[in-house]
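Labels for the chains are A, B, C, D and E, by order of writing; each one numbers its residues from 1.
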Amino acid sequence: MENQEVAQKIQEVAKKLLSEGKVSCVIGFEKGTVPMRERPFFAYTPEEAERLTWTSFCCNNLANFLVRRDLGEAGKVAVVAQGCVSRNIVGLIKENQISREQVFVIGVPSPGMLDRRKVQAEVGAEKVITEVSEDGEDLIVKGKGFEERVPRKKVMRDNCYTCVQRNPVIVDELIGAETEPTHGGNIDKVSAPWEKLQADDRWAEFAENYQTCIRCYACRDACPLCYCHVCFVDEAQPQWCGKTQDESDVLTYHVLRAFHCAGRCTDCGACESACPMGIKVRRLTSKIEKDIREMYGYQAGMDLESKPPMSVYRPDDPQEFIK
Amino acid sequence: MADKILAKDKLAEFIAALQKDKDVFAPKLDNDRLVWAPLEKADDIVWEFSNTEMSPKDFFFPQTECMMHFKNDPKAEDGMIMQAEPELAKERALLNIRPCDAKAFGVLDMIFCQDEMTNDVYWRDKREKTLLIGLACNDPCPTCFCTTVGCGPHNEAGLDVLLVDLGDKLLARPISDKGAKALSALPEAAADDAAKAAELKKAAEDSITQGVGTDKISGAEVLDLFNLPMWDRVHESCLNCGTCTFCCPTCHCFDIQDEVQGEAGRRVRNWDYCMSWLFTVHGTGHNPRHGKKERVRQRFMHKFKYIPLKRGGEIGCVGCGRCVQLCPVNIDVREVVNSMNA
Amino acid sequence: MKNILEYVGIEPDRLHFSWISSAEAEKFQKTATQVCEAVRALGPAQHMIKDIRKVA
Amino acid sequence: MKNPYVPYPVKITKALVETEDKQLKSFWLDFLNPADAKAFDYTPGQFAELSVSGFGEIPIGIASSPTEGDTLLFTVNKVGHVTKKLHNMAEGDVMGVRGPLGNSYPLKEMEGKNVVIVAGGFAVTTLRSTVTWMLHPDNRAKYGKIDFIYGARTPGLLLYEDQWREWQKRDDIDCHITIDREAPGWDGLVGFVPTICEQVAPKPDNAVALICGPPVMIRFTQPVFDKLGWQPEQIVMSLENRMKCGIGICGRCNVGPEYVCKDGPVFTKAQLDKLPAEY
Amino acid sequence: MSDTSNFQPRIAAFLCNWCSYGAADLAGVSRLQYPPLVQTIRIPCTGRMSPKFILQAFRKGVDGVWVSG
């Protein structure tokens, strides 16, 4: 189904839910003010629901907004969710942050979201893009004095390319038919380039990747897993992590944040899309995701029943590392 | 002061002269990202660019800056006593800074250096030792709205020299005495060069179509703006990250922290951001700006109402559009301000 | 944790885990020696250290 | 060019736990360099950043009065990690003081008027400074009648007992010291501060009230003064917000356009009514 | 890599109060020799162990970390 049709359907469903009073709010996307930036939108009335849209640039993880708002007050809300977002909703339910009854999941099989930085790189870093539209498997990128066709596949977000679950895992209303589960990328390859290196080179690569970090914490704040009231980086007694731009402080933050996502990360890529500096934040999280998968045979948020590996003990847990 | 002409093939000479007593920095392309970097030779200069990804404010107000150090030994004679960090050793020049970023420094001057007590010596020292050579914007971005916040693509405020790109040569306009000195060796510009620059200026200004209105904000009472119903919706999608404040050329909030390691101790300041819950929380747990709404409102009120109120009408925004481009959830300052002004 | 530190370039032998019961003094002695030898072989740690003297 | 961020080095000459819950401790500080004492020219109502190297700074109201000489007095509540460290420091330790910061009570504008001072609990610090200053022989004649209303939960939580016992003996100040509930050995007033204000019923004519205390006390004292006919311009209050720089730059203590550290901490009720309630 | 022959590493050992700490104690009582480079940190239980501790130790400049339950 084309994205425009999906958008139409989302609007219809949202209008119906809102006018019947089934939910107080529908969280979806609306068109942003700059090209390739669709933004989260909260529709409270059927009229507002007309602003909802669906394109290949809906890169925020909307599950994020479920934990950060007081759902007790809002009553039931509906949320537009593709595969990864639905997995995060499952995760939040498992972690008792929300209850299943509080959310109405408008499921949409993900078309594979696109990376605006890649699109920019494709047409040239210095060109100013003023309009981007979709035409089947191509993007039409327009700007001052140029118009280019860019194949979607070439500019897909890394995590969408290696996605293993495009279809939502829990759904109250599905829009469009379920699709192929993956886009063909190999998720194990994400961390591969680093895995081959020697320790010192690996450190160098690692430090280089995060070197431009400005510690705005957009990766943390965009992440539906990072809902702690006080994050460890903000704790002052004791202070785990300094607040400076010093390499050790920056890297401590990233290592620990990634570690806190172990067994919970659904590889939704919201952190990477949110990063204003274009840092490959997933370099760490996807490695942990892979480890958890290989060591415990677990993928986060696939169903409501299975227990997260980091919170249960099983006699057959891997323990080779213990002497 | 008369306009001068700097031919592009004479640039190497000009830069070599600057480098005699200054470290020269300019925007440079680094893996598709435009960043500020030391300039080695004239050929490395980028002429066609919108603006650097981050504002160059960290030249004067580094994200992490050591302010003082001390000997972490209570028994030592001079132990535990704070010693200020030394001043900048060498002068600097920023070449091809955009007028909006330079204007921001003018706004920040008013905040960092208000009077005898509120006199940020760290900021002032670096400002005084830096020559700002601006490059006028001939081709503003769609996200630029400088003309509507008291700035403009050829704005001169805050600069020492303004360069206007005329193709194979640059019109160099001295603005301060410091700037005039740096240009003293150059030939004067002809009348038609100046006319061409004026034309470019007009064209650039006209190409900025989107903007913000601030006329009603300046007349409104603080409390009326503060209580506008629009604040209930603006913050909804905000993630409370620090992207908008860190990329902003006029955001200047900071945090001061002490660090010790063995006998060494230092007091550092780091950028901080008003979107953070921790920014204002009291020791008692009470937080005057406890919610996302309060914090988002603070940022816009500060820039568009509080700063103008306190600083003679100067708006705390220069319209560079970075926050519009970088905000992860696309909270567009233009929309927010326009609804404040409604 | 070990994996992730290894991944970012901290040698795996810098981090050890073991199980020793309170009665196993000898195992403790043995492990302590092993750990020290393993780390000694790696040389001083270079990364992740915050040295404010360097920065200041 | 003076660096406003570098604290003056001072030595703790005396430290004393003030209250029975051991939460409040007073510190008497002497400047290491006599010239600094001269430069530190303050007025009652101002505050300073106490700096503990390696831990950080904390803004505290100055409780001493310039009429008492060069020694500074601060009373510190143990809440965060700087104040905890401070409570563990002993006489002879070196620390820093940065200031004086902020505005002060409008001592000039108060001249020729009656003054009512209302203090609750720990907030009495800068008011102690003010009263001491006004009672000084050089200044006392400038003011009319002085009423000092001060309350705490229990007798053991009242600060500066020696001081107010002495004031009680004087006839140029009316002291009304109260505790919330009856306690053994207490023969003074009993009742919440607002109740005592009602009983004292200070007249608004040609008078100024300095009110400083916990928010709950202010909330209940306010209506009492309103009923007695006080105007917002006559009521002066002192705010506190989280601060870092203390000189109006770092951006966290502002209440609307006003920075508590620079434009405050002292505001009149009339001023506060025009500002957002972000404190 | 620097000269390893006379390098004396610093090692932070996080020992569980009930197991390894007891073992360390017993080792001491039994006068068993082990390298003096290990700085023991008693933790109430290995369950108290957190990745934060490990990173913090590395940040403070230790050369190795040993966690024992």
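Methods note: contacts are C-beta pairs under 8 Å (C-beta built on N, C-alpha and C of every residue); 3 or more make two chains touch, one makes a residue touch a chain.
Predicted, not measured: the structure shown is a model, and the values here were computed from it.
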Any chain in contact with subunit A as well as subunit E: C
The chain pair with the larger count of contacting C-beta pairs, comparing A-C against C-E, is C-E
Distance between subunit B and subunit E based on Cα centroids, please, to the nearest Å. 49
How many Å are there between the centre of subunit B and the centre of subunit D, using C-alpha atoms for each centre? 39
Geometric centre distance via CA averages, subunit B-subunit A, whole Å: 32
State, to the nearest whole Å, the distance from the C-alpha centre of subunit A to the C-alpha centre of subunit D. 51
Please output the residue numbers of subunit A that touch at least 2 other chains, ranges allowed. 242, 244, 246, 248, 252, 255, 259
Interface hub residues of subunit B, defined as touching at least two other chains: 255, 257, 259-260, 265
Please set out, as single numbers or ranges, the residues of subunit E touching at least two other chains. 51, 55, 59
If you look only at subunit B, which of its residues touch subunit D in the complex? 67-68, 70, 72, 74, 79-84, 111-112, 114, 116-122, 124, 221-223, 226, 252-260, 265, 267, 272, 274, 279-284, 288-289, 294, 298, 301-302, 305-306, 309-310
For the complex, which residues does subunit E have touching subunit C? 1-4, 7-9, 11, 13, 18-27, 29-30, 32-35, 37-38, 51, 54-55, 58-69
Interfacial residue positions of subunit C with respect to subunit E in the complex: 1, 5, 10, 13-29, 31-33, 35-36, 38-45, 47-51
What does subunit C use to touch subunit A in their complex? 1-11, 16-19, 31, 34, 46-50, 52, 55
Of subunit A, residues touching subunit C in the complex: 191, 194-195, 197, 199-207, 242, 244, 246, 248-249, 251-252, 255, 258-259, 284, 287-288, 291, 321-323
